[in-house]
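Labels run A, B, C, D, E and F following the written order; every chain starts at residue 1.
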Amino acid sequence: MKKTSPSRKQTIIGDALPRIPWQDRPAGSSDVVWRYSGNPVIPRDLFPGANSIFNSAVVPFRGQFAGVFRADSTCRNMRIHNGRSQDGFKFEIDPEPIQWVCNDPEIGHFVEAYDPRVVRIDDRYYINWCNNYHGYTIGMGYTDDFKTFHQMENSFLPFNRNGVLFPKKIGGKYLMLSRPSDTGHTPFGDIFLSQSPDLIHWGCHRHVMSPKGGKLTWQCTKIGAGPVPVETTEGWLLFYHGVLTSCNGFVYSMGAAILDLDQPWKVRYRTKPYLLNPRTLYECVGDVPNVVFPCAALTDAHTGRIAIYYGCADTVTGLAFCQVDELMEFIKNHSEL
Amino acid sequence: MKKTSPSRKQTIIGDALPRIPWQDRPAGSSDVVWRYSGNPVIPRDLFPGANSIFNSAVVPFRGQFAGVFRADSTCRNMRIHNGRSQDGFKFEIDPEPIQWVCNDPEIGHFVEAYDPRVVRIDDRYYINWCNNYHGYTIGMGYTDDFKTFHQMENSFLPFNRNGVLFPKKIGGKYLMLSRPSDTGHTPFGDIFLSQSPDLIHWGCHRHVMSPKGGKLTWQCTKIGAGPVPVETTEGWLLFYHGVLTSCNGFVYSMGAAILDLDQPWKVRYRTKPYLLNPRTLYECVGDVPNVVFPCAALTDAHTGRIAIYYGCADTVTGLAFCQVDELMEFIKNHSEL
Amino acid sequence: MKKTSPSRKQTIIGDALPRIPWQDRPAGSSDVVWRYSGNPVIPRDLFPGANSIFNSAVVPFRGQFAGVFRADSTCRNMRIHNGRSQDGFKFEIDPEPIQWVCNDPEIGHFVEAYDPRVVRIDDRYYINWCNNYHGYTIGMGYTDDFKTFHQMENSFLPFNRNGVLFPKKIGGKYLMLSRPSDTGHTPFGDIFLSQSPDLIHWGCHRHVMSPKGGKLTWQCTKIGAGPVPVETTEGWLLFYHGVLTSCNGFVYSMGAAILDLDQPWKVRYRTKPYLLNPRTLYECVGDVPNVVFPCAALTDAHTGRIAIYYGCADTVTGLAFCQVDELMEFIKNHSEL
Amino acid sequence: MKKTSPSRKQTIIGDALPRIPWQDRPAGSSDVVWRYSGNPVIPRDLFPGANSIFNSAVVPFRGQFAGVFRADSTCRNMRIHNGRSQDGFKFEIDPEPIQWVCNDPEIGHFVEAYDPRVVRIDDRYYINWCNNYHGYTIGMGYTDDFKTFHQMENSFLPFNRNGVLFPKKIGGKYLMLSRPSDTGHTPFGDIFLSQSPDLIHWGCHRHVMSPKGGKLTWQCTKIGAGPVPVETTEGWLLFYHGVLTSCNGFVYSMGAAILDLDQPWKVRYRTKPYLLNPRTLYECVGDVPNVVFPCAALTDAHTGRIAIYYGCADTVTGLAFCQVDELMEFIKNHSEL
Amino acid sequence: MKKTSPSRKQTIIGDALPRIPWQDRPAGSSDVVWRYSGNPVIPRDLFPGANSIFNSAVVPFRGQFAGVFRADSTCRNMRIHNGRSQDGFKFEIDPEPIQWVCNDPEIGHFVEAYDPRVVRIDDRYYINWCNNYHGYTIGMGYTDDFKTFHQMENSFLPFNRNGVLFPKKIGGKYLMLSRPSDTGHTPFGDIFLSQSPDLIHWGCHRHVMSPKGGKLTWQCTKIGAGPVPVETTEGWLLFYHGVLTSCNGFVYSMGAAILDLDQPWKVRYRTKPYLLNPRTLYECVGDVPNVVFPCAALTDAHTGRIAIYYGCADTVTGLAFCQVDELMEFIKNHSEL
Amino acid sequence: MKKTSPSRKQTIIGDALPRIPWQDRPAGSSDVVWRYSGNPVIPRDLFPGANSIFNSAVVPFRGQFAGVFRADSTCRNMRIHNGRSQDGFKFEIDPEPIQWVCNDPEIGHFVEAYDPRVVRIDDRYYINWCNNYHGYTIGMGYTDDFKTFHQMENSFLPFNRNGVLFPKKIGGKYLMLSRPSDTGHTPFGDIFLSQSPDLIHWGCHRHVMSPKGGKLTWQCTKIGAGPVPVETTEGWLLFYHGVLTSCNGFVYSMGAAILDLDQPWKVRYRTKPYLLNPRTLYECVGDVPNVVFPCAALTDAHTGRIAIYYGCADTVTGLAFCQVDELMEFIKNHSEL
């Protein structure tokens, strides 16, 4: 896929993706982010033995789409599966979880994997997920072909979740966002950034942002990075989830921030309102009610289109759309740091 | 509006309200309280930037209806807004929160306001709400015209919620119901009554009623006053909410009590069954599932009709109806103190 | 009802029940357990004053069906009621709770009863339920005619729930499964088996099985016996519920185990996946969202048909079907001890 | 040991015990129960490898004293040990825990035993303790000679603690007091009584008494039976511990009750004040500060002397004295049911 | 720093009290506040039936000293008692709690009273205490002669503690400090100030100060007013307690603040270090370990001497001394707002 | 057991330290670890403004001793201070906390530091401590002269405590033990080992050991590394603390393990009993009762003597002794993995 040279000034720094799944904003709507009318784009029982398919990552791959998908079985085990799609709407997912190639049995033997992200750095696809090695932490691996998957060292000590790599080195180092957590349904959570020379050893940890707004905003309890950050002319565009604690449990919504291009632990803008929150039956009713949880974003630098895959009620996968310039303007106009 | 002189003996002591929003009980139903078929009467997104509109107060005003409405923004900030309606069904609500006139910045600067009640005393409309002054407490203000709103002193020390004024002085003092609370999603709560010579200083606190019925009744966890009490020939009619704690969270239902006319901290009757509980999708699914939360009641003394506005799932506003004599009879026949 | 002598080798050791309620598996489905298309088979408001009818027990009785039904009133009191059906689909339930005959006022006076099971031993029908005697424990009684009900001694000290009798003596003793609990929404729970010479005094307690699978399987938080165990040629078939704790509350699903015929505290097989989990609106939305809770199973030894009555969202009653040989094969093939 | 026939009218129904350990009340004291001046009577490190020795049971045996002692090792394992004394002051305790003879490995294999009580019924000495069989419950065994110890069935399902047998059958059955509990440092606890024809199967459970007095009395959180009840002409004398929850943890004190002779689940008198509470350094400082926990009482029917062994701060064993008639009078004069 | 002479300019605005109990600072000590060498000045068992005597208030009265004392009985009931002393060291306390004269049985009947403060306003002595009226709140009463005690209305709605009146009207109103709380061992707590025209009705609530310093300072969990504020030329001197939450419970220490003379809700200075913390055995060991809790201060305006009575470990009463000018200088030099 | 002579084969791989502080085992004692008779070796108020001095690290330095000391101020701020001693018994500690040289204000500005360890690697002294950078994590710095202290990057993301470096590279990398934690008084905690090429970036995390022994052993709640591991011929000798949760809070004791020399995440032996537990008044009474917390060990390879500095009750510093061969033998004989 080659760089586009469009007439319009491009905001997204990256490739064109003409086949990006897309649907125009519904007539009458003024929402900055809008839902795909055919949602859920991936049903809970796409393959036999699946209880739910959600919180999953899709990337362009060889002219089509590949991805790594969280699918909980009817045993309610959490696993990540390999899958693919020609159009980004209709998916095929392997019923068997990914089998990782790993030389060190100390880390190669594990029993849970969830909430994957996939990022292409150079020509390799790195996968992060929430792994269980004596506590939840960030697992990492890579594939070159979405056939063979190699497991690497876990990035951090437990307890950690929502590890998201940047798509290129910055300042000579790899960068990863993550959310230090604890042993359970963690009732707190900030986003941090860590740096690595080799994708194995991590240090120079920097705080990025905290929940905010007291006891009752959509992002008051905890926040976590969503899709791989999108490089734009104005900074790194980061979709993230925020959690509010109502008297009846957590409510997960989606917002966005713009991070400094060179020192991405510095937040330039951050949405005070959410961009998407649980409203439809498939977002409000399911294994975990009231969850909107973005994990992947496809972008077309040429048109500025963005397609976001997000988990719905921890049960199915939804798809939503936005246009980058509208979005950037909205973020800047509704920002509160 | 002048006192009616009907042929039937009137139970409600008050004005006629011929334009009260109304819908007859559905055929086949024997419910004492029934829902408006067009519910939710106010949708969550009536104006741009609204996440939800619920727990709101409507009063007759100059031949039409005015009100103060809780509207949470898409930032999930809680604010109260000014609004109006010609018929009690179709509302117009200002997208901007009420701006209070207040001389003392110590109390005039605050960031949250929710769950308002409005009561007319003489020719002034007093508003109570849940305010945040170093903890949730009862905010108070008034308006004469639903254009300019004046903030008064907070009624109590934190932590308090559900402050509801009586519509006239009793025993030479103003009376307010409230529910002492704590810092979070309070798992307990009794209704108390406090007295004031001036609407500023409060004392002579009296206990009114407690949750009851062990661990599993609809009002076993906490209770709180709903609409402004309705004066009747048999006592003050008080709609209130009661909360049950299931293993999956709080469930809010509505019941009613009849309080002594002269010493309204004495409960004469109190419904053992609920009058309304979460059953419809708009009451069971939303930002906080399973919530029915009454905040205002319109009454027509002439016909005995009562229209109740109530919050649904902390997301939308519902409307329900009952007839005062049927209701009073039901309360008395199903009372348990 | 006499023993059938069918041509096929029977798996279920018991009577034929030609009138068993039944519906074939939907075309296209490969589920081992499938739902009745007319669910909920018992609505929440079958009789006036009922808030919900669920977690109930049905048995064959004199050519038709009798049962004991948990019906919470609109006071949200928990009570068990007598009821009957000609076909197992359409039920008539007495609006008044069962009045127990009991000589000892110390135990005869109680105020809560829920989650009944009914078992026929010889020609007597024993009822167990969750009783409140200074804490929840297992209440017991019997009826010979579903007209007069006699209360017996409570089986155990508090705190206990989900007491389920075996349908015959084993090793010369009566056997009961139960789940020791605590005072609230117990966040743990194993199944134990106790033995009795006289249905009054219980001892020789044996541990049967524990929750399993870490923090996120369908049965990781607690488990409890469901319907009366079904005797088969391969062991006692036990349907049970398992509970997962999501960040938004408990999720109740149904699995099954096969217990040793002679020493039924020894588990031979146990489903790693669930058999039924909350998926439909009537299972996901209600007084307690996301609950599937089996309490009774009808069996036809001749055809191997099984009809399971289960509570849905603690609000209505559902009906599901399976075929014993398919089920036994599934359990064995998906077992993990 | 033969029954005494003293000149004074005897209150205690039982044997004389002329060698009862004894020390007169200190001059100037008017306490009903007073401490042994040589306390702690058993130090924490009486034998090598002992971390603490407390909550232990002593009985007269063949003209001297025998006992079963809780001794936690320096691994902080909880075990019960066999021991003996010539005078009730100076003890010898076996460094190795008791090895139980048991035929059924299902119950015979266990890893924790604590808080024993010993009772003589006819000529056999029964031992109860807190056992761990898939949760804490009441273990039972017996010895005839304090050399060989035989394990019996656990009395109840988990979760239970403080099981105490009566020293004879009443109404043809054996009776046991116990305190249903939960999995941890249980914050609640009532005393119940259960009945058995054979010391194996238990039923006919009766509630005896609850904590009382709101949030701040010495017995407001939980209570549990202490030594084996003492038969008197006025009823069964039961020493028990009560627990208060201060902001810095549990405080254990000792009180007493008089139970009906024939229906000992009926409480006739119960001390509103405590009899002994943590005051000395050895009661206030140790592995668990502020604990006074009685487990055994020696009685001399002839003189009315009572010697109470009690655990101190979960670390050492204390000894205290009282005179039965003074005590009974105090209980009756300071009773509140 | 040497003793001041009578010619010095007085800092304390008030009366001379030549008989103030006093002891010079121990040689070698540089502490600003030092302990009485004879501590505890009041033992736990000063009168029969007393479990503990602490958190008590002493005032000059007719040339000697009178006071109201918290004494918990051996029932662990909390009560306040009348008492007196000739020298402020040796006390006589009535064994029977104060009997209040009260006309309204609704508030006159109560069962708990603790942590009293006494203040003289004009020639009347007002007593505040923590009362239990459907939850802990501030009880109020007065006496003119320390013989007859009159109960007044409770000042606030529950839940409140540590109510402390100012010794004179300011701005035409009575002022009271208090600490809004919740139902249990409240883990939070700010000091507020409320105003009243009549000592009955309270309003115009102002926030005074919050806990501070993150998770580990002596005042990070909650704070509460101690003795009646002392008027000085530089502001109101307020001793207060602050609480830290260690992994083993609350630790109570004493600090001080200087409040604005005219608007005493404005804090001018506040000690960052504590002035007194639990260090001695009588402060560290007792019914509640690690508690220093000041409730009264005697002052001699002539010499600047201050004697502070404080509760120790919720068990005994301690006495400490300081000199006002040294203290004021220390507060100002170690202040952090 | 008698003193070893220089001709003995050395167990400790390291330097002789003839001036090691030492005291022989008390006559009559058979303890493997025994206390210094002059404990506490450092009092709580060694310098003005100190509330407590504990959990501190001492190393040999230029023929005498240097160290870094945790001293909480009377503000209860936690800070680490520089100090020194000629004999290891009598210390001088700077009243002002260490001022770190640091170029990056992002990490250089912090407000809390506690529980330091010091290790010499080559000729540089590295200090680790518990730092607060948006949550507790492991701070790191170094000094060459105990005059100037340089701050380095924090080693891990929050939440972490008890970071302890090995005294040399193993397998070409630096190694650090740590205990992932959460935001408060963490009720869980395993020891992990992480690896670094540069003391900045850390990876290849390996699990070392977990708490063990159910609910009631001395190390059942959490464990954490103590002093820098001691290299011996048999493996790395690691003293560590273990925590038990009694009903009245945490109890901290000390045990030891022997780790594999080359793969020190593999535990070869581990003490089932503790080596030292809170028994003396200075260990049982203080700011946090019942704490023994080792942070440093001096060793004399020539004689095999080990001197351990440990925090007592979070208030003072204690000193204890052992002989390496006796200790290693004890660990092996009382090991349970």
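We take it that contacts are C-beta pairs under 8 Å (C-beta built on N, C-alpha and C of every residue); 3 or more make two chains touch, one makes a residue touch a chain.
Quick caveat: nothing in here was measured; it's all calculated off a predicted structure.
Chemist: With chain centres defined as mean CA positions, report which chain is farthest from chain B.
Modeler: Result for max centroid distance from chain B is chain F.
Chemist: Fit chain B onto chain D over the CA trace and report the rotation angle, somewhere between 0 and 180 degrees, nearest 5.
Modeler: To bring chain B onto chain D, one rotates by 180 degrees.
Chemist: I'd like to verify one number: the distance from the centre of chain A to the centre of chain F, where each centre is the average of its C-alpha atoms, in whole angstrom.
Modeler: Distance between chain centres: 41 Å.
Chemist: What is the distance, in whole Å, between the centres of chain C and chain F, each centre taken as the mean of its C-alpha atoms?
Modeler: Averaging C-alpha atoms per chain gives centres 56 Å apart.
Chemist: Averaged over CA atoms, how far is the centre of chain D from the centre of chain E? Could you give it in whole Å?
Modeler: Here the centre of chain E sits 42 Å away from the centre of chain D.
Chemist: Where in chain A do residues touch two or more other chains at once?
Modeler: Touching at least two other chains: 248-249, 285, 289-290.
Chemist: Determine which chains touch and list them pairwise.
Modeler: A-B, A-C, A-F, B-C, B-E, C-D, D-E, D-F, E-F
Chemist: Where on chain D is chain C touching in the complex?
Modeler: Spelled out, the residues of chain D in touch with chain C are 106, 133-135, 137, 153-160, 178, 180, 182-183, 188, 190, 192, 194-198, 200-207, 210.
Chemist: What residues of chain D sit close enough to touch chain E in their complex?
Modeler: 30, 213-218, 220, 244-249, 251, 253, 272-274, 277-279, 281, 284-285, 289-290
Chemist: Across the complex, what residues on chain E touch chain D?
Modeler: Those in contact with chain D are residues 44, 48-49, 51, 72-78, 111-112, 132, 184-185, 248-250, 285-290, 314.
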